[in-house]
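What follows is a pair of complexes built around chain A, which joins chain B in one and chain C in the other.
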Partner chain A sequence: MSSDDSGQQAISIEDLPLAQLQTIKAQLEAEISELTGAFSQMKQAQGAFRECKRCIDTLAPGSQDKTILVPLSNSLYVPGKISNIDSVVVDVGTGYFVEKSTKDAGTYYDHKIDYVQDNAKKIQETVEQKQASYRGLLEVMQLKITQQQQQQQQQAGAKAPTAAGE
Partner chain B sequence: MADSKTLEAKRKALEKETMTLQDIRKEQATLIATRQTLDSQLQENELVEKEFGQLKDDARIYKMVGPVLVPQEKGESVANVQKRLEYIRGEIKRVDGRVEKLSADQQTLSMNAYKLQMEIQGMSKA
Partner chain C sequence: MDANPRGIPRAPFVEDVDEYMKTDSPEATLRKLSETVSKYRFMENSRLQQRGSLEQKIPEIEKTLDIVDYLRDRQGTSEPIETLFEVNDTLYAHATVPPTATVNLWLGANVMLEYTTDEAKELLASKLTVAKTGLKNAIEDLEFLRDQITTMEVNIARVYNWDVKQRRLQREASA
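Our next item is the complex of A and B:
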């Protein structure tokens, strides 16, 4: 029943009744808002990966043995010392962590950033397409509504005399 | 008299059909949500599998168990992720099959409901 109407290019939207157009419009709106949400999630993820990458960059040679504050909670810190700047442990997802050299970790995050960027771009393209068809749909609906109003006015004008004749 | 009885029966039948339709729609909604979770799990696991594929055999892998990281054998981790992938793909297939079945059911049911409605309308007019 709710098959993908927007994908059916064979049927021109001008041939569909207004009620059906309304359903398609609601569908398109839902799709667009979902995709926009996904897009901002992608951007957030990208920001997180950039932050990780930046952290790795701060582990440059020379920061060995420097003192740092290690957060135990949001507001509680204990002093610590950087004892190893050559390797880090990276969260690769689903609960798995991998020990990597700082260089490898950097490339890992670069790949991640690119991957997310690609996805975000794809989403953006789809959003633009959907928005274009949404605008088209609105135009057709507007046209239909005006036509209907005109018809109603004509009918009302035509009916009045017959009603009086009966 | 017979007419009013059949009319009543038809109304009851229509009510039943509508109820079943509603149940089907509810189940479909939950299935679609499940399907989406499975999809994202599949993607995450695929990424982990890819990452493991690029690792050297002596790479140090840890698994988060509660608040601690437990060292893991690479072979074991790879096997574990593959097992998960297999399971998730199986689940996706199962959910997809169920969704398809439900859509088919829904179609026949709404056809029936429509027919009943027409009949009831015809009878109440007569």
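Our next item is the complex of A and C:
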């Protein structure tokens, strides 16, 4: 992937016209914003898992048979007691719920947090690579624009003496 | 009928464009018509949002009502219910719920009130009726607005075509 990127940069420095550079610039911008979006989603997911882990801690040993308001629907609460502080049920996705001990549930969330952390790091690395390519591209574009402007000035300068000469 | 039950005015259909265009310039008329169309579209948007939110709320109210009914039926027994409740998005924990004569309803805006099961049932039933009527009205309004928007767009098209014809006649007359 990185050799492709540097290969692309080598070509762009030498050959491509400004219009094509614009297209590549737009493409890189889209990719960077998409990856940044994915990165922040990972961060959010990580936060949610951390929160779940914290919630498990509220089922600490002291809370057996503690009275709580039990939510039976999203607007209905009924007084009840915590009946089992040693096991919880975790939603592992695709409609499966697994009963685990509180310790195992904690381990499960830890794994999830680490997995998401790894993915987030990979995305971050890709984003940094793309941003470096983007900066290089901008420099090349700037150079070409300056060259173009100089050429136009020279042409205008070449015409004027001819007109004055007549 | 000049307006629907919620007071949305009916769009007038321009029968005779020549008569209609005698009062104002084409630009001013087209502007007025466009303004009216955007007002209708704005109302359409707000009804769409209403319908969306009501369609979400109604199943939730029905579910809560069912649960309250279930709790009422169990009031006679002295057996507590074992249940799992949601602690967080992917985490559920065990709880026991003894038979209770009262429930707490979350009314929104950081307000929760305790009701007897009968009062709760009444409250939820009335909320459900209001929501269902609101939904019916929103759908009715949407249909009505669709018609009015189409009428106005037809008006705009006819005025525009009339204007194009007038300009062509003028050009031919002056040529």
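Heads up, the rule we're going with is that the second predicted complex is superposed on the first by the 140 of 166 C-alpha atoms of A that agree within 3 Å, B and C clash if a C-alpha of one lies under 4 Å from a C-alpha of the other, contacts with A are read in each partner's own complex, and residues count from 1 in each chain.
Methods note: a contact is a pair of C-beta atoms (placed from the backbone, for glycine too) under 8 Å apart; a residue touches a chain by one contact, two chains touch by 3 or more.
Please read these numbers as outputs of a predicted model, since none were measured by experiment.
**Q** Does chain B (first) or chain C (second) touch A:A156, or do both, or does neither?
**A** A:A156 sits against neither chain B nor chain C.
**Q** Touching A:F97 in the superposition: chain B (first), chain C (second), both, neither?
**A** Both partners, chain B and chain C.
**Q** Could you say whether A:N84 touches chain B, chain C, both of them, or neither, answering first, second, both or neither?
**A** second
**Q** Chain B or chain C: which reaches more residues on chain A?
**A** C
**Q** In the superposed arrangement, which partner chain does A:A105 touch: chain B (first), chain C (second), both, or neither?
**A** second
**Q** Once the two structures are superposed, pull the chain A residues common to the chain B and chain C interfaces.
**A** In the superposed arrangement, which is not itself an observed complex, chain A uses residues 89, 92, 97 for both chain B and chain C.
**Q** With touch defined as at the start, can you tell me which chain A residues reach chain C in the complex?
**A** 48, 51-52, 55-56, 58-59, 68-84, 87-92, 97, 105
**Q** Which residues of chain C touch chain A once you look at their complex with the stated criterion?
**A** Where chain C meets chain A, its residues are 60, 63-64, 67-68, 71, 80, 82-98, 100, 103-107, 112, 120.
**Q** Taking the touch rule as given, give the residues of chain A at its contact with chain B in the complex, in rising order.
**A** 1, 89, 92-100, 108
**Q** Flag every residue of chain B that touches chain A in the complex, lowest number first.
**A** 41, 44-45, 47-48, 51-52, 55, 59-65, 69, 72, 77, 81, 84, 106-107, 110
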